[in-house]
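Got a structure for you, written out below as structure tokens; questions coming shortly.
Letters are used for the chains, namely A, B and C, taken in the order the chains are written, and counting of residues starts over at 1 for each.
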């Protein structure tokens, strides 16, 4: 087995036993990037030399962390001091952050080595990574398919073995959906568990940084590093640190799982449906109590999501004006030209579409009809989840109603693209933790994922349930084919 | 939901975006389509429900009034396209 | 029609910078001045990915201001984003408060035109952040953005349209300024822009119940400009109406040099601020206990000091008013009186010479360079007859220039009063000899002639002779 095929906990074990060295680990991944990047196109920036320098520095400082020397890939909307943070936008093509995001500080403290910055939909707006200004990332299971999005670069790089794990961000499914499309594990923590300081904001009340890993244990391991209160983020929750690895017990006996019937009606792909039904059988066999339940808010949640996310985005993206940083138009005579031309030339069509929608729903005369209602619906969605969580420990749904689609097939139909987020969006609306776990391939060999949703801050519960499934099944034996 | 050309131009202006003639048509279509979909929020049973502001119930998250040394100015200005005398340069603003 | 046929309606939005050490949402210093962009960090520069965290002192100070102006404190409050593009606003939105301000429904009492008490209602007080500064580039023809002020905390105090003249506005602003100074939430330095006002003016024919269309003058930061601006606006609006025109609702800029207002904003630029709750910040909840604790620590306010001065020091209504208008003058008065035990003299010196010099030098009372000990010493030197009040006036001038112990000043300058009988007698005899006509006049009953003679003697001694002794000795010598 090649080093790049190992999970992080396997890497740590082999490093511990001195079967491999940190240098070998880094070289293995860098070689893999050299080999596969031309096909997968997952990176916006590859920090080849910086990674080598960083590893040397870590060795010199004798960082005692178990994770010292473990490589990682970072979604390109998380600020890294000294390395470009582009958000896959022309707007930030040459932007270098003067500071590190809190999560970056934390992984640096552990001595992890950054392999590079990963591709995404521009400003995290999209579900296919086709909205990147720089490149279209391909799905390692089939290079004609999208890897999902917006953390498509992160998911594809992990699936392709170009990084052992990666950080992504999830506003409406941007970690879980690409994880499902690429056959890996994607975790979106509870809103407030991980600091957003340094994450370039798309929708502040929905954004959350999370993990993309090869297996569940690695998710727990990486969550241990990034979770925790940060006084620089007012929405970060003050909570005692938990050891998520310790919650992995491979035991779901008596665990109550609700399966909302609304996610299995029309619109769900038959193969995906059958695959999820098998997951339910696995859980039953393992001793969990699985029941059908109702979560009749998905459609409202999706509409609410697009209203709130776009409204917040329209305001968050106002700061890109060509004055202090970012793209500045060549065509200007006065200040207004700088603003309007820089923004019109610097943002891609999907970003502009959402800014326009967001500006519209906040504008005078429409605020009450859209934004205010959406905030009420948000309360409704939270209540509906809370009701279900009185009865169940976990809610199980498909992660996406279908597998990865062909590149270019939905690009001109934004609404259809939005509807694909139906399963993941309610979780963000309610601020809950959600994890996507691979559970099979369809006939074409494309991965299918299921989603477990937990109560606020019950990451331990969903990680343990995901782990139990993983330990008792063998998706791991499937490998991406890189076929054309 | 009908969105007029005037409306889309007004919104673009508020958002400080220029739209090309062909973009106007496309965005009008998309906006209409998405707004029509978003209208379902009006059917939701939300009578009497409070508006959510964010998702967690936290309140009174404050900072102490203590100075932390300011940042190195060169690093703050490093991304500016035009600067002069330690300031960001822009075309003359007439009040 | 003449001005008397119209009623003037004025409402004010006062912005006061809070005197916290750090900015409202980051830990950069609020200190005035400094090289451009050196009191900045990624947060107040709105770098991508940065987040605000609210300064606890900002909430406390705003509540203090609310309590001191008799407001109700809103227990549940929040921050909202006000969205608009301008280069001094790096985030493209100002974090402010929209529908849930920290304080509302207050009011303060002022003297109206006739000197009668009148309450000016305060609609609300909310917290928000200041913008940066645009500097004009003298060489390159561009503008330069300095963000040192961006994120400095402000309170905006919005009044009801209860003011009826520029005089009332003057009284209201002075009262508000003195309250904010007393409770130590703002130093209200107008020349640094830390106390400024947006002025809304409209007029209507007397008897009319509907409000006229108003215009707004933005960012006025001196009492003089505010008064002039209001007077100009009243005349302009009445002229338009008299000529059958109508007032346009617009934002104006007052130009001090030309003494007129100019339209400020592009008219097609419809303002739609798209306020919404800032998702980066959490709700503010103030307990009864929190509010009561702040109420307990409020210092004595000008109104109550005024009453105390009338009772304790038997000062006139006018003097008490003037002294308490400024916390600094009032403190100087109390501290000096505590040392020299002469309230009347202290009050007179502060309200006459010291106030006059402040005016001439365009200084704020907070900038008085000498101490209460030095002023007390000066007053006791007069009492003891060591210097005359003419010399004392010179000492006060000197205290503003080079603050020092007055005793040292008069020694160094040779200003000690001549109280030696022999020396005074010598001068008196010389003056009498030189002015026989005045002596004759005095003898003939012209009292004024004595004043002339004393004056001559003072002139000869450069003001150092003891005037009481001179008076006495002239009379004695003439009557001999």
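A few notes on this one:
One rule holds in what follows: a residue touches a chain if its C-beta (ideal position, glycine included) is under 8 Å from a C-beta of that chain, and two chains touch if they have at least 3 such contacts.
This one's a predicted model, so the numbers in the text were calculated from it and none came from an experiment.
Of all chain pairs, the one joined by the greatest number of contacting C-beta pairs is A-B.
When you average the Cα atoms of each chain and compare centres, the chain farthest from subunit B turns out to be C.
Put simply, the C-alpha centre of subunit A and that of subunit C have 56 angstrom between them. Chain centres here are Cα means. That of subunit B falls 39 Å from that of subunit C.
With centres taken as mean Cα positions, subunit B sits 23 Å from subunit A.
Along subunit B, residues 10, 14, 16, 53-54, 56, 58, 61, 63, 71, 76, 88, 90-93 each make contact with two or more other chains. Residue positions of subunit A touching 2 or more other chains, listed in rising order: 95, 98, 205, 231, 234-235, 314, 318, 321, 323-325, 335, 339, 359, 363.
Chain contacts: subunit C has residues 42, 45, 47, 53-54, 85, 87, 143, 145, 272, 274, 279, 281-282 touching two or more partner chains. By the touch rule above, subunit A contacts subunit B in their complex via residues 94-96, 98, 191-192, 205, 231, 234-235, 237, 297, 299-300, 303-304, 306-307, 314, 318, 321-326, 328, 332-341, 343-344, 347, 349, 352-353, 355-357, 359-361, 363, 369-370, 372-380, 382-383, 414-415, 418, 429-431, 456.
If you check the complex, the residues on subunit C that touch subunit A are 42, 45-54, 81, 83, 85, 87, 90-93, 143, 145, 272, 274, 276, 279-282.
Residues 20-22, 27-29, 35-42, 45, 47, 53-57, 59, 78, 85, 87, 134-137, 140-146, 253, 264, 270, 272, 274, 277, 279, 281-285 of subunit C touch subunit B in their complex.
The residues of subunit B lying in touch with subunit A in their complex are 3, 7-8, 10-12, 14-19, 23, 26-27, 30-31, 33-35, 37-46, 49-56, 58, 61, 63, 71-72, 75-76, 78-82, 88, 90-93. On subunit B, the positions that touch subunit C within their shared complex are 10, 14, 16, 53-54, 56, 58-68, 70-71, 73, 76-77, 84-93, 95.
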